[in-house]
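Both complexes shown next keep subunit A, but they swap its partner, so subunit B is in the first and subunit C is in the second.
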Partner chain A sequence: MGGLLTEAFLSSLFTGAIVAAVPMLLAGLGEQMSEKAGVLNIGIEGMMLMGAYMGFLVAFKTDSLWLGFLGGILGGVLVAIVMAVLCVRLGLNQIVIGIGLTLGVEGLTALLHHFQFSRTYPRLPAPERLNIPGLTDLPVVGPSLFGRHPIVYLALMAVVVLALLYRRTNLGMTLRAAGERPAALDVAGGNVLGVRIFAVLFTGAMAGLGGAYLANIGAGLFIPFMTGGAGFIGIVLAMLARGRPLWVLIGSLIFGAALSMTTALQVAGSNIPTDVIQMLPFAAVMLVLVLFGRRAKLPSALGASYERGAR
Partner chain B sequence: MALATENPTNLSPETGTGVIGVHGVTKRFPGVIAVNNVSLAFHPGEVHVLLGENGAGKSTLVGILSGLQEPDEGYLTLNGEKTRLASPSASLDAGISTVFQHSMLVPTLTVLENLTLGAPWYERPPRARIAARMEELKREFALSLPLDAITGELSLGQQQQIEIARALLRDSKVLILDEATSMLTPQGAQELGQRMQQLVKSGLAVIFITHKLAEAYRYGNRISVLKQGALAGELGPEELKSMNEEQAVEEIVRLMFGREAGATSTEHRASSAREETVLKVENLSTQGDADVIGLQDISLSLRAGEILGVAGIDGNGQKQLAEALAGQRPLASGRVELDAEDITRASVAQRRLKGLRYLTDDRLEEGSVAAFPISENTVLKDIGQPPFWINGIERPSLIARHARDLITKFSVRTPGETTPIGRLSGGNIQKVLLGRELSGEARVVVFNKPTYGLDLQNIDTSRQRIADIAGRGMGVVLISTDLDELMALSDRIAVMEGGRIRGVVENDGTGEALRLRIGRMMAGEEENRQATE
Partner chain C sequence: MVDDVNPSSVDPEANAADSAGVVTERSAFQRVLTVTVGPIVAAFLLSAIILMLVGVNPLTYYGYILERSLFSGLGLEQTATRMAPLLFLVASLIIAFRAGIWNLGTDGQFLLGAVISAATAPLLVGVLPGWAVLVVGFALAALVGAVWSIIPALLKAYQGVNEIITTLMMSFLGVLLASTLVKLVFRDPTTTVPQTRTLPVADRLPRLFETSISSGLIWGLIAVVLVHLMMTRTSFGLRLRMVGANPAAATHAGLSVPLLTLATFGLSAGFAGLAGASEILGVAGNVRANWNPAYGLMVIPLVFLARFHGIGAIVLVFFYSALMIGSESAARRLGVPQDFTLVLVASLLICLGLGEYIDQHKRKKER
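The block that comes next holds the complex of A and B.
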């Protein structure tokens, strides 16, 4: 097994882990805010897919990755608006609406893509990279850690910003109160529905950005159904993270490493059977759930819509 | 401040409008009038007690003042001007803070965060400012709180102090305390009483909601009594000062339980009691917990054809007694006999088979399956039993015939036996349940609040049916919070308070005197607790 730890293997493992982790990280951070505020946002998979579709489309038409990311955010927010109106404003069942939205967006994006591109899958040009002289040239970790697209570093900054927001600001406190005991927030003069709507829209923006990253940076093209459950993994990450953004980051890296292990092992040309290699990510998911599933701690009012004075 | 310019329906003319005025307010919920044309005025420098039983409309009034509900009729005034409290934040802006019966704090937040809850999201948490203000409160009112503790880890008394501190930090002019002593130890309640006096001295108006008479007298400067949603009377500060505690409690009891003018006269039913004892309960006790009161040492006996009334303020163990008799609640100790046979260990179904029947007050949740047709509801307690089930196979035509019989016999108003029971009115559901309980050989029927929530006509027919049941030689335990009903139907009346029987009185037809005797026993807690304190 000693031959396994070659530079090629490690380099491709790190690179792959980060590329795979970023969309899950963004989705997990977004979902975390919804859950804090008491909304179980199952529609996040749909928001992500819409973000991937719109993100790719805008980047493809404008030749600008940055405009593409903006388009992705917009796509995610559009789906989130529907979710906010139905689940927060009207108080409909969050699980039913979430699943409905995900299925609806899967169909819609596949259909639109087929109209525009028929059966072809045009590619975007390779993305620009941030080059930090000296650091990027380091062996193994250099290109994977310091040669990424700037959006990766923005995602890492979001972890810090969100952690501060939850702990140090009135907004963070209001979010937590809306998820724990919305009635208490309401009688204290807070705006339960307002803060929940904000949280759902933020989730949409983060999921949309994650989807756009998946399409524009991760794959360089859009394929229908391409999110393949990344949004759902985001939900799992948010639930396991006990409200802490740092844990979403750690979780997304573990999942990302498991996913990229498949490619890395094939690159390294090990003699482990391919079937076993391809099983790895799923084994990792199960292992994480078995080990940490019990640590999930959710807000008391998660999933319950709020109606003033309901008796 | 007291602008007595418009004062249309105020009960006590000397009060004026006050800092907050309630004018002819009515609030309806489906099937109930929770608050009925109530007018009140709250004054700075006064602890104003709203006293009444459960369901008297106190909490609805609190909801209206705190912006959770809006009145259907009538209006509120703030410093003499008409105002609308459409949301909790409108109420807070008007200077009204409420400490609700159930804690309205977020248990996972720190004390400091709960104190600032509701602040605009863009503001920075004002830690230094709050800490400074808390120092002031500590000096003025001896309110001291650990700002960085997690709220859920503090005692209920401390949590209540957080809510009071929050009201003071907001510079409220009115503080509402809804059943604030219910979670506190007697000592904690006393401290709260002193604190209320401190607060009103600093110029606040305190509204103190309670159902305990002695508290009302001890802490209140003014007492308003609510009864079935309406204002039954008010004792002003001068009146209260001129009375000693005994006189005041006497007067309050009269207001709470006395006969209102214009109520239908209660004709005492001729007794149909026979010699033989059908139900005997000895030293029955059940386990209580934080939410459910425990029964202590209950002994009763019931003769055939007798109606034994059980009086008491709602929530003093009546429902637990009914459930214990029906076998739905495990006993901690004691013995129950039906027809001289020990049924202490008998299950619900066995008791029913032996002729002990229970008509719950919770008609829709516990008594019936709302979505099922009437026909299936009539045999709900016989599932799997012949003749309606043979070897586990249901016989729908037989059940339907049985249901049609019941519908005619009890004149249930319904399109047919296939109508889901949840679509019927309360009175008609009650008829179906009664019919179900009376089918077969009934010996003893336990009624829990049989006429609660029914309209007048159904109340009369229900009472007639209960009298008929006793007339046919069955024993009846009639639990009710309606003293008129008990005095009209019962042979004897047992009074429950705090999970105990405080006394059993013969219904000797002495009317008003008996009523006040019972009322005092219902409030018995105070007399007894004072003796032990």
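The block that comes next holds the complex of A and C.
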């Protein structure tokens, strides 16, 4: 037992929790905005995967992580544009198109990866880190909390900014109206489709950034199908958070800790097959849904496309 | 394709316009063009562009797939055999979608059904007569598939928790559990690679006539037709569809919505389990660890494109199965990963959706 509680072990546990939490946090925050505006964005898994691919591709070609993150955002937004046109503008079924987009991106990225990287599997160099003198030198929590890539702090800032946006601004109000009573928003002179399109594109950007983090910081390379359900977990986080960004953050940290615990156990050398360990995050999601699922609050017009004058 | 059969999609005003006379025939032809032929051609063109981007000649690729899956005797037999599990999955999804339930967890239900049938059938050979082994294998698979949907079913029926997420999560869990079971519990001690015991070829589902086609195809076709008739022609099917169309109205009509929801989950997941068994007891004979063909999510677009109609879905499954057989072979011969079929199906879905939209738009203008 003493071997488990060493500083190195705890430090890697904290680090792992944060590294695992950030992509889910970004995806959950993005999905939250779509859901608020009344779009159930099942395509988020595809947006994340496209972000991971584009993020890695750009970072690899330009040797710049920042450009890589921009590439990831672009990748997510590209998929989101398709989703916005088909589901919001044309009113096609959100779930079917979402699944279709996810499948399509899985196929496309696997195909591109096969022809570009499958022989060499190139890796990115270890990422630069933000050093805060004094804080980073703290034992155990120092390097994991304060020695992270700057993007982590941007994600945390996004939580605050979004919370303020939803509570204090007209845009936040409009978003909620588009999800709860789109017809009322329309009568009041708001632009339902415009707001929803904005929300879907924002989801794409956040999911793409999350995917790029997963590929560039988490793994250092792109692997086909690498998101492995992280986008779907983002949807669960958004569902359970009842519209509050802070709850998405808390949820993602809990799932991140569960994930990193499993990797830590693997490193510690237990004999459990990896399949069992990989089940843990999904089992955790199910447990949370069984216990608190009833309290998940979703906007009333979620999943329904809006057409002016339709009954 | 099959637009006028789904009762909920019939547009009375469009029918009135159809009976107007001369204009009808040309516009009916145009409709077929915008709703089916056009989008299919567009999807193949779109996918061809992607093939060209990665440096593959699309004509060679499409030609190879056609030749391999439809114009060769063996290929055609493989295509027909592959249809069996897909058809059972179609039956599963038709029940769920017509009843308004998004069962996105068919992959987990499929694999657990496959594993349980592969774990039991080889042990029963010699103990039970041959037909009984198969019956038990199928029955257990249906049962296990249904059991795996209990949590999402209860959460949906009594707590109103969205089943999209719960079934997806259970699917991830089911896939991993199936693999764990193969490695730890049902492992064949005589092999070095982790896999279940193998059902001897003689004890599998019989083959049809002089071909290599598994008779699972027949059972799959029967399943789809029966499910279609159940959903469209029986009072039970009508009740399920009422729940799907409007749960509140169904409650007011005196239906027990929670019980019907549970029945929908049980039936749908049961058929997904049968799909797994049909692949094992008909073709593979055993389950290898980490085997996951992921048919479940791929069938969803097909069922939607057929608008939940059984016969339409059978036709689509035939072509999809040909695509799979052809692309599996192309992956070995032409070096194009099989993942390309995902791209093709996704572009088909998007193009058909667009076609549908254009069609509706035109109809509205005509009014």
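The working rule: the second predicted complex is superposed on the first by the 288 of 311 C-alpha atoms of A that agree within 3 Å, B and C clash if a C-alpha of one lies under 4 Å from a C-alpha of the other, contacts with A are read in each partner's own complex, and residues count from 1 in each chain.
Keep this in mind: a residue touches a chain if its C-beta (ideal position, glycine included) is under 8 Å from a C-beta of that chain, and two chains touch if they have at least 3 such contacts.
Please read all numbers here as calculations on a predicted model, not as lab measurements.
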Touching partner for A:282 - first (subunit B), second (subunit C), both, neither: second
Touched partner set for A:183, first subunit B, second subunit C, both or neither: first
Partner chain(s) touched by A:100 [first = subunit B, second = subunit C, both, neither]: second
Partner chain(s) touched by A:220 [first = subunit B, second = subunit C, both, neither]: neither
Subunit B or subunit C, by number of subunit A residues touched: C
Partner chain(s) touched by A:82 [first = subunit B, second = subunit C, both, neither]: second
Which of subunit B and subunit C A:114 touches, first, second, both or neither: second
Subunit B contact footprint on subunit A (complex, rising order): 168-171, 173-174, 176-177, 180-181, 183-191, 195, 308-309, 311
In the complex, subunit A residues that touch subunit C: 40, 42, 82, 86, 90-93, 95-97, 99-101, 103-108, 110-112, 114-115, 224, 229, 232, 235-236, 239, 273, 275-276, 278-279, 282-283, 285-286, 289-290, 293-294, 296, 298
Touching residues (chain side subunit B, partner subunit A) in the complex: 29, 63, 66, 68-69, 87-89, 92-93, 98, 100, 103-109, 113-114, 116-125, 166
Residues of subunit C touching subunit A in the complex: 50, 54-55, 102, 104, 151, 155, 159-162, 164-166, 168-170, 172-173, 176-177, 179-180, 183-184, 290, 297-298, 300-301, 304, 336-337, 339-347, 349-350, 353-354, 356-357
